[in-house]
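Take a look at the structures listed below.
What follows is a pair of complexes built around chain A, which joins chain B in one and chain C in the other.
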Partner chain A sequence: MTMPLSPNPSRLAGMTGRAALIAALVVIAAAGVPLVLSNYQVGLATEVMIFGILAMSVDILAGFAGRTSLGHGAIFGVSTYVVVYSTAQAGFSPATAFVLGVLAATAVASVFALLAVRTSGVYFLLLTLALGMIIWGICLRWTQVTGGENGMRGDVRPAMLLSHSAFYWAVLAGAAVVSFAMWRFVRSPFGLTLRGIRDSESRMRSLGYNVPLHLFIGFTVSGFFAGVAGALYAMFNNFVSPSTVALAQSVECVLMMIAGGVGTLFGAFIGSAAIIALENVVSSYTERWQMVLGITFVLIMIFAPEGIIGKLRAILSRKVR
Partner chain B sequence: MSLFQLLNGLTFAALLFVVASGFTLIFGLLRIVNLAHGALYLFGGYIGYTVATRTGSFVLGGVGAMAAVAAIGFVLDQGLLRFVRGNELRQVLLTLGVAFFLNDLALVIWGGDSFTVPIPQLLRGGIKVFGTFYPTYRLFVLVTGVVVFAALWLLLNHTRLGALIRAGVDDAEMVEASGVNIQRIFLITFLLGSALAGLGGLMGGAFLSLYPSADAEILVFSLAVVVIGGRGSLVGIGVGSLLVGLLNTLGQVMFPELAYFVIFGPMAVLLAFRPLGLFGRAT
Partner chain C sequence: MDRRQFLKTTTATVAAAGVGAAPWRSAQAQTGPIKIGLLAPLTGVVASGGKEMVEGVQFYLDQVKSEMGGRKVELVIEDDASNPDTALQKARRLVEQGNCHMLIGDLLANTGLAVANYVKGTGTPYFIPIIAADDLTQRARIKNVIRVAGYTASAFTHPLGDWALKQGYKKIATVSQDYTFGHEQCGGLSQVFTEGGGEIVQQFWHPLNTADFSPYLGQLAELKVDAIFAMETGADSTRFIQQYAAFGLKAKTPLMMAMNGTDQSVIRTIGEEAEGIISPAHFAEGSDNAVTAKFVKDYEAKYGKIPSLYGFSMYSGMMWIDAALKKMGGKVEDREAFITTVLKTQLDGSPLGKVVKFDAFGNPIYDVYIRKVTKRVDGKFWNVPTQTYPEVSQFWKYDPETYMKQPPYSRTFQGIKKA
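Let's look at the complex of A and B:
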C-alpha cells in the first residue's frame, strides 16, 4: 500500500496522467448510464453512488486510521434529518438545507470524535455504536421534531433536478468531486500521518505527533463526507425515518466498505453496488433482506475479510499458478 | 424521585446486571464482544414465553430459555466464531451479522406483536414496601439479580472453575501452558454467558415485554453498563447496572423524550476521564 511520494512533473491535480485518464473515462462512462438504463435502474445507480460516498467516508477511518466506526449511519442520517426538516418544516431553500445538513453532520461527528479518539480497536467500535444508538433513540422519541416512528416527508429536491437522469448527473458530479477530495485527503501528509497511527500509535506518539488531535480531525473530516452523502440521500428519497439512522444503516455501510476492500477507498463504490444489487435481487424474492444481510456479513467475515476484490484477486492468482 | 420510581430503577438495574454479566464474562475471558447478546436475550424471552405458555410453568420457561440460548451460543461459538479466532474486529462484526440474522429469524417465528411472559400466580399482585404498594414480580427480579450476583461471585472466587476463568482473564496462554484445557474453559464461559442472556430474556420479557427491537435496546444498555463498569469486573458490572438503571428511570421521569441522553451523557464524561471504565484494568 505504499504510494510513490516523489513529485512527478507530469501530474494533473496530483494524479498521474494515467490515473487522470482512467478517472475521466470512468466518469464519462458513468455519465452515459441514464441514456441506456430505465428510470428505476438509474435510481439504483444514484443510490449506489450515494452509499459509495458514505462507505468511502467510513474507509477514511477504517482503512487509513485503523478505526472502524459503527456510528457513521447515524452521522449520515443526522444530515438527512436536518435537510428534510429544514426544507419541509423550517422552509429553507434546498441549497441552504444541504449546507445545514452537512454542517450538522460534521458537528455531530466532531462530538463523536471528541469521545472516541481516546479509544481504539473494539472499544472504538462499541463507543461509536453506542453513540449512534443515542442518535437513533433521539430520532425515534423526539416526536415533535423528528416525526417519531413515522418519519418526515419533504420535497427536498430542487426543481431543476426533479428528473431521474438530471439528479443522477448531479450526484455523479458530486461523487466525482467528493471522491477526488477524499483521495487527496488520504494521500496528503495528514493522511500519511493517519496511516502511521494505524500501523503504530506509540511510534507516532514518540515521534511527536499529536495522535488524538489527528484522529479527531480525521473523524470530523470523515463525518463531513458522510454528511454530504446524507444530504444527497435526503434529496434522493425526499423522506427520512428512524431506520435511516438505525444501526442497520451503519452496518450496511461498513459491510459495503469491507466488501469493496478496506483501505482501497474507491472499492467502496463496488461494495456499494454489490450490496445494493444483492438487496434488490433478494427483495424481489423475499422480505427477509435483513436475514440475508446478516448471513452475507458472517460469510464475508469468515471467507473474504479482505473484500470481494481482494478475494477474487487471490482466487485468480491461484488459478494462474 | 419517589420510592416507587427508585424501586423501578433498582429492578431494572437487576435485570441489566443479569444480562450484562453474561456479556462481560464472555468479553473478559474470550475477548469476544458478542453483539449478538441482545438477540440471545430476545430469543431467551421468546422461547421462555413459548415454553411457559405451553407448559404453564414459569420455572420450565426459565430452564428452557437458558438451555435453548446456551445451545444457540454453542453453535455461534463452535460453528462460526472458531473461524475468526484471534481477530477482534472480525469477531465483533461476525456477531453483528448473527445478531441481524437472529433478529429477523425471531420476526419470522414469533411475528411483530409484543408478548409478555405470563407471571406465575405466586408472584402476581403486589406487596407493601415501606408504605408503598409495589408489584411482587419486580421485587422477585430484584432478588434474582442479587442471587445471580452472589452465585457468580461464589463461582468466580471460590471454585476451581472460577479460579481458572480468572486466571484465563489475566493470561490465557499461561493457563494453557500449565496443562489446563483452556478451550473448554472458554466454551463453558461462553455457554454460561449465553444462558445468562436467556435468563435475562425471560425475566425482562415478563415486565418489559418482548418486541422486535427489544434486542437492540437491551444491547445498548448492556454496552453502557460494560463501558461504565469496565471489562471483566463483576463489581464493576454491579455498579454499572445500578448507575444505568437508576439514571434511566430518572431520565424517563424527568425528560421522557431525551432519556437516552441522561444515561449516555454521564457515560461519555466518564469515558473522557477513565477510558477503561470505573473498574477496568489495562491489559
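Let's look at the complex of A and C:
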C-alpha cells in the first residue's frame, strides 16, 4: 500500500498540465491589464478581483456544502474594520493589520459557524443573515470604536503599493494564491466530504462522518478567505463604514457567485466582473442602474440558472458531443 | 537653501506668476472646458435632497450660461447612492476617468468624508457646500477640501443655545438622530446652554429612519421641560413634526429644531404642524432681504417650489467657485493657486444679500438667523428670521485653540457643563 495519492505523475501542484497552462495564461494576461487600461479601469479591475475572492469564499459553502450564507459581507467587513482600525487608530503596520484583520474575520466566521452549522436551507440563510445584521448593528452603534455612520479613514495601503498598478499586481498575486488554495481545498478529500454533505447529509452521517464538524471547518475556512478579501478591500479604499458590512454587501457577493455559476469556483470572478462593470457602465447612462441590474438578474435566472460559467460549460460540452 | 525649501519657493513663485499673469493670458492658452464633477445622492435614503442639489447647481449654470471664469463649463453628474463606497467609486471615476478639475457635492457626512479622504491623496479640489462635519474645518483639515458656502454643524446651534437662555428656558430635553451630524448639532446647543446656567434634563438618541417616535414622545411629555430641541433630517423630520403635533405636545412645549428639521425639503410636504418651530440657520427663505427674496422668487418660478438649503447651498457654492475663477482668469489647472484663490475670495453676490468670507480655518462666517416657521400669504410655510446673530464664528465665542482641545462632539461628549 505505498501507492502515492495522486497516481498521475505529470500533475503539477495537483493540476493537470492543461489546467496549469490555462491558469498560467490567465494570470499572465491579467498581469498585463495595467499596461493597457487607464488608472480608473485598473482600480475597477482590482475591485473585481477583491470581490471575486469574496464570492469564491461564498461559493465554497454554497456550491460545495450546499449552504448559502448571507453573512459573508459581515465577515468580510469585520476584516476591513479591523485592518482600518489597527492601522489608523492603533498604529500597527499594514502587514500586522492585515494578519489581524484576517484572524478577526476567521474568528467571527467560527462563531457564525458554531451557531449556524446545524441548520440548512432557508434556516441557514436566515440565521447567517441575522448574524450579519448583528455585526452591522455593532459597527453602526459602537461609535467610539467604529466611528458609527461616518466610518473610519486612514492610510492603510503600504507606501510601496500606492500606485494603481502596483496595488493591482499585489492583489492579483494574492488572488492567484488564494484561488489556488481554495481550488485545492474543494478538491481535497475534505472538500469531497463537503460535497457529500451537500448531496446527502443523512448518508454521510450514517457513513460515520461528523457532519457538523465538517461544516464548521468548511465555514471557518470560507470565512478566512472572506477575511483576506476584506483586508485587501481595506487597503483598496483606505476607508470603511457600516455599508461595507451591511446586508447589501452580503447579497451582492451572493449575486456575484450566482451570476458566475454556483459551484464553479472561478465563476466568481466572472460574476464579480459582470456586476461591477454593469454598475459602472450603466450608471453613467441612467440613475436607474439598480433597475437594470435587477432585470439582468432576472434574465440570468431564466436563461442561465447555472450561471455564466455554467452556461458556457454546458454549451461547450454540447458542441464537443 | 535645501532642496525642499527650493521647491517650496519655486512653486510659490510660479503660482504667484500664474495668478498675476492670468488676466491677459485668459484669452489664449485655455484649452477645453472646465470640468466639474458633481456628486449627489440621486438614489437611496436622501435622494430627494440630492435632486435639489443638482437643481441648485444647474440653476446657477443656467444663469451664467454655463460659463465660469471666461471658460465653458462641463458638468458631469454622478449618483453617490447615499452610500460611501459608491461615493468613493464615483469620485475615482470622475477624477481618474473623467479628468474633472474639481469635485463638488455629496450630502451625507459619511459619503463626504470618504471622498475627502480620497482627494487628500490625489490633490483634487473638492468643494463641500453641504457636508457639515465639524472637524473638516477644525481638527482634521484637508487643504484641498473646501467648505464653499457650507457650514459646520455646531456653528448654528451655539447661538440657538444662547437664544434659548434668553427666552428664559431653564430645562431642555433633546432628541436627535444618532450619528455625527446629530451629535455635533446637539452638542453645540448643549454646551452653550449648560454653560449659561441651563440644564439638559435628558438626551434621546434614535437610529436614522425611525418610523415611530411615540416611545420618545411619551417620555418627553413626562419630563416637564421648558422646551424641546430636536435634530432631525429628511423623512425622520417629517414624521417627528407630525407625531409631535399628534401627541399634543405642540400646544404645550415649544419646539426648537436644527436647521435641516424645518428645511423646505421637509416642511413643504407638511402643513400647520410645522408652524411656530424655531431653528437657527444662515439662510432663511422668508427673509425680507431684497436679494434673498429675488433668489427665492426666481427659483420658485423655475422649479415650482421654494428653494431648500440644498438648492441654496449648491447654488452659492458654484457662485463662490465662479468668483474665484474670475479672479484667476479660469486657470483651473493650477490647483495650488486655485485653492489659495478660493480661500481668499469673498462672496459678494450671495443670495443671502450679504458679503460672506472664510475664517482662518476655511469655514464661512455667517450672520445666523433664528428662524420661525410661518405661513406665507399663499398658505405655504416658510422660515422667517426673527432675530440675527451677526458674524458667528464656528468656534462661537470660544478661543479656537482652546475649543479644538476639547474632543469633537459625540454621543458621549456633549460639552455639558456639570452643575
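Throughout what follows, the second predicted complex is superposed on the first by the 284 of 321 C-alpha atoms of A that agree within 3 Å, B and C clash if a C-alpha of one lies under 4 Å from a C-alpha of the other, contacts with A are read in each partner's own complex, and residues count from 1 in each chain.
One rule holds for everything that comes next: a residue touches a chain if its C-beta (ideal position, glycine included) is under 8 Å from a C-beta of that chain, and two chains touch if they have at least 3 such contacts.
Just so you know, these numbers come straight off a predicted model, no measurement behind them.
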item: Touching partner for A:Asn150 - first (chain B), second (chain C), both, neither; value: second
item: Partner touching more residues of chain A, whether chain B or chain C; value: B
item: First, second, both or neither for A:Arg203, with chain B first and chain C second; value: neither
item: Partner chain in contact with A:Gly294 - chain B first, chain C second, else both or neither; value: first
item: Touching partner for A:Arg184 - first (chain B), second (chain C), both, neither; value: neither
item: Which superposed partner A:Phe239 touches (first chain B, second chain C, both, neither); value: second
item: First (chain B), second (chain C), both or neither touched by A:Arg141; value: both
item: First (chain B), second (chain C), both or neither touched by A:Arg313; value: neither
item: Doubly contacted chain A residues - partners chain C and chain B; value: 141, 143-144, 290
item: Touching residues (chain side chain A, partner chain C) in the complex; value: 38-41, 43, 47, 140-141, 143-144, 148-151, 153, 237-239, 241, 243-244, 280, 283-284, 287, 289-290
item: Chain B-touching residues of chain A, taken from the complex the two chains share; value: 68, 70, 114-115, 118-119, 121-123, 125-127, 129-131, 133-134, 137-138, 141-144, 247-248, 251, 254, 258, 288, 290-291, 293-298, 301-302, 305
item: Partner chain A, residues of chain B touching it in the complex; value: 31, 33, 35, 80, 83-84, 87-90, 92-94, 96-105, 108, 216, 220, 223-224, 226-227, 256-261, 264, 267-268, 271-272, 275
item: Chain C residues touching chain A - in the complex, by the definition given at the top; value: 42-43, 78-79, 83-85, 88-90, 92-93, 95-97, 108-110, 113-114, 117-118, 121, 133, 178-180, 183, 207-208, 410-412
